[in-house]
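Following this message is one structure expressed as C-alpha cells.
Chains here go by letter, A, B and C, matching the order in which they are written, and residues are numbered from 1 within each.
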C-alpha cells in the first residue's frame, strides 16, 4: 500500500462556543483522490484551514509526509508541497488574473529586494522553466484549460464570481503540489465546467498528484473519487468508497438533520 | 531676477529629488506592500542624524588638528561645541574636495544603514498590528523621537542642532545650489532605477500579494513577515538617504525639522500621484515640492508677487491647509491618484497582452475584455 | 538641588492632584474618540482639533463678557457647541462622503489627518494673520479651593474635570448600553445595512454620534483651557495621550476614563519624580504614553481595561 502523506490525529478547534472540529483523525495516502463531504457547518473548511496552517488547532496533530507540521506557518507547508484553494476565493484583487496565477506558481526566482535587481538576467531568461518566460507558458496553459484566458488581463476583483473561483483553482494548479486540497472547486461554476474541472483533476491524479477535495455536488464527485470521508458536527461520521457511503443511512440523516 | 528664478528652480529640483526619494520609499511600503508607515519622518530623521553625526565627527577629526583648534567637550558631543563651529567654518581651508566628497558619501551610506537598522526595530509592531493602529504607533514614535532629540544634547545638540556641516561643493564657485540640485537628482535617478527594477519583478508581485491578501500570500508560499520586513528595510534605507541629502542641503541637522507634517507631505505626494505607481509617485512629489517651495515668502518675493504682510506671515501655515484640502479632494474624487496603479511591467504581462490580442482577433471578442 | 522631604511629600500630592485633573481630561477626551470609533470605525485624528477649536471658542466668547458665572456658562456653551459643530461638519464634508464610496479604515484615517491639517493650520494661519496672542485662556477665574502645604492645591478646574469626566462616562455608558438610541448606535456600527432595514435612521444616528462626540471634546477643551493656556496645537499635542487612553480602554467608556486617569497620573507623578531626582526633562513624558500604547497594542490589542463588554455580553 502507498505511504500515508497526510495524517491528522484527534484535531480539535473551537470558535467561541462552537466546536468546529471535535477530534478529527484522517489519513490520506500517496496518489489517492479523496472527497470530503458533509452538511454545511460540519467543519470541512475548518479542517482544511487547520491542515494548511491558516488556523492553529486547539489540540491534536497534523503530519505531512510523516513529519509533524502542527502549527507550522502556511508558507513552510507550501514548500513541503501542500497547496490549497479557498472556498471563497481569496484573490489578490488589484492584480491581474494572469499575475495572480504567476504569483502562485512554484519555483520562482527574483523574489527579493536584491535578487529582483541583481538576478534579473536569471529570472528573465527564456529557457529555464522557473524563469519568467518559462512561467508564461505554464500559466497560459492552465488559464486556457480552465477557460479563463480571455479575462487574464482583467483585475482579479473585476471578474465574475465563477471566474474568480476558476482563478483560485488556476493558482492551486500552478502551485504544483504534491498534496492538493481544494475547497468546493465547482461552487459558483457553470455545471458543464464542473465536470471539466474534475476531468483535469483526474488527469493530474493519474500523473501521481494526491488530491483531497471538498465538494457538495455529490453526483459529480462520486464519479471521480475513489474514497469519500463524511464529516458531521466536527467529527468524521464515516468513510468508504462512494457507493458504500451513498448507501449509508447515517449520511442521509446527517444531511437531512441539518437541513 | 533671472538668478533668483534659477535659485527657486534649484531649490525646487533639490526638494523634488529629496521628496521623490521619500515618496518612492513610502510607495514601496504603503503602495506596494500595504504597510502604512506613517512614521516615515522617523526614518528620515534617523538618516539625517546618522549623516550629520558622522560627517561632523569626521570633519572634526580631519580638520581640527590641521587648523590647530582644540575641541574640548564636557558632557555634550564634541560637534556641539563652539570650537566645532569654528572648525566647520574653516574646514574648507584644510580639506580637499575629494575628502569632502568622501565624507559626504560615507554619511549617505551611514544614513541608509541607520535607516535600515531602525526599520528592524519598527518591524516588531509592523508585523503584528492592525493597519490603523500601526499607523498611529509609527506616527507617535516619530513625534517622540523629535521631542526627545529636541530636548537631549545627544545625538544632535538638542534644539540648537548641528550647523555648518561643510558641503561637498565648498570649493566650488558659482551656483552651488544648482550643483547640489544635480547631485540630489542623481540620487533620485538611482533610487528610481532601483525601485522600478525591484518592483517590476516577482518581488513586486509578492509585495502586492501581501498587500491584497496576506493569508493567500502565506498559503502560496510567501513568508509574509519576511516580505514586510524586506519592504520596510528597503523603504527605510531610502528614507535615510533622503535624510542625509537634506542635511547636506542646508548644512544643518535640527530635530525641529522632522515634524509629522513631513510624513504627511510624503503621504500626500503618493496618494495624489497614485499609490503603487512609481511614476505617479514622482509626479506627486514634484507637485508637492513645488507647493512647498512656492508657498514661501522668499519665493513669492523672487517671483515678484506681493502679498499683504499678514498673509505672508500666514503662508507657511496656509500651505498645509492647501495640502490637507488636496488630500481630501483626491481621496474623494480620485482615490486611485492621478496615474492609477497598473499591472507590473513584467514579461509575462507583456506576452499575455500580445497573445490575448491575437486570441481576441481570432474569436472576434470585445477588445474591452482585455482592459486593465 | 537639595531635595527635602516636604518638597517631595507635597510635590507628590500636587502631582497626584494634577495627574488626576489631567487624567480625567484625557479620559473625557478619549470618550468622544471612543464613541466615534465604536459607531463609525474611524480612528479620528481630527478629533484633537475639535478640542482646540472649542477652547478658542470659549476664549472668544468669555473675553467679550465681564467674567464670573456668566462668562463661565457662556464659555462652556460656546465650547460644546463649536466642538459639536466642528465634529459634525467634518463628518458631513469628509468622512460620510468617503464612507459612501466604500473607503477602508486606513483611507478614513488619512482623511482624518487631512481634516486635522486643514483645521489646525487654518487656526494657526488665522492666529498669525490676526496677530492673536500665542496662548489664550478663557476669561474665567479658576478659584483655589484648598491648599496643601503651600505647594499642592485643589482648584475649581480639578473638581470640574473629575466630575465632568465621571458624569460623562456614566452617561455614555448608560446611553450606549441601556437606551434605544444606544442600541441603534450599536446596530449601526455592526451592520449599517441591516440596521437600516430594521428601521433605524442610520443617518440620524450618525449625526447624533458626531454631535455628541464633538460636544464631549468641546467640554474637555473648555475644561482644559480653564486650567492651562491653549495654543493652536494643544489638541494635537494631547492626541497621543487620548489615543493611548482609548486603546488601553479597549474602546469602552469606563475603560477609556480609567485608562486616561492612569495615564494622567503616570505623566504627572513620573514627570515630578524624574525631574526632581533624575533631572530628566518633563519633555520626555510623552514617551510614557507611547510605551503604554505600544505595549497595549502588541500584547493586549483588545485593550487592558474593558469594563463594559462583560455587561454587553451578559445582555446578549
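One rule holds in what follows: contacts are C-beta pairs under 8 Å (C-beta built on N, C-alpha and C of every residue); 3 or more make two chains touch, one makes a residue touch a chain.
Keep in mind that what you see is a predicted model, and the values were worked out from it rather than measured.
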Taking each chain's centre as the mean of its C-alpha atoms, which one lies nearest the mean of all protein C-alpha atoms here? B
More contacting C-beta pairs: B-C or A-B? The answer is A-B
Averaging over Cα atoms per chain, report the distance between subunit A and subunit C in Å. 50
Between subunit B and subunit C, the Cα-mean centres are separated in Å by 33
Quick one: subunit A and subunit B, Cα centre-to-centre, how many Å? 43
Two or more other chains in contact with one residue: find those residues in subunit B. none
Residues of subunit C that touch at least two other chains are none
Given the complex with subunit A, which residues does subunit B contribute to the contact? 194, 197-199, 201-206, 208-209, 211-213, 215-224, 230-231, 233-234, 276, 341, 343-344, 346-349, 351-353, 355-356, 359-360, 363, 365, 369-372
Would you pull the subunit C residues touching subunit B in the complex into a rising list? 43, 94, 97-98, 101, 103, 105-107, 109-111, 113-118, 120-122, 124-126, 128-131, 240, 243, 247, 281, 283-284, 286-287, 289-290, 293-294, 297-298, 301
Given the complex, residues on subunit B that touch subunit C span 36, 124-125, 128-133, 135-137, 140-141, 143-144, 147-148, 150-152, 261, 264, 267, 271, 310-311, 313-314, 317-318, 320-321, 323-325, 327-328, 331-332, 335
Within their complex, state which residues of subunit A touch subunit B. 52-54, 73-75, 78-79, 83-84, 86, 90-96, 98-99, 102-104, 106, 108-113, 115-117, 120, 123-124, 132-133, 135-136, 139-140, 149-155, 171, 175
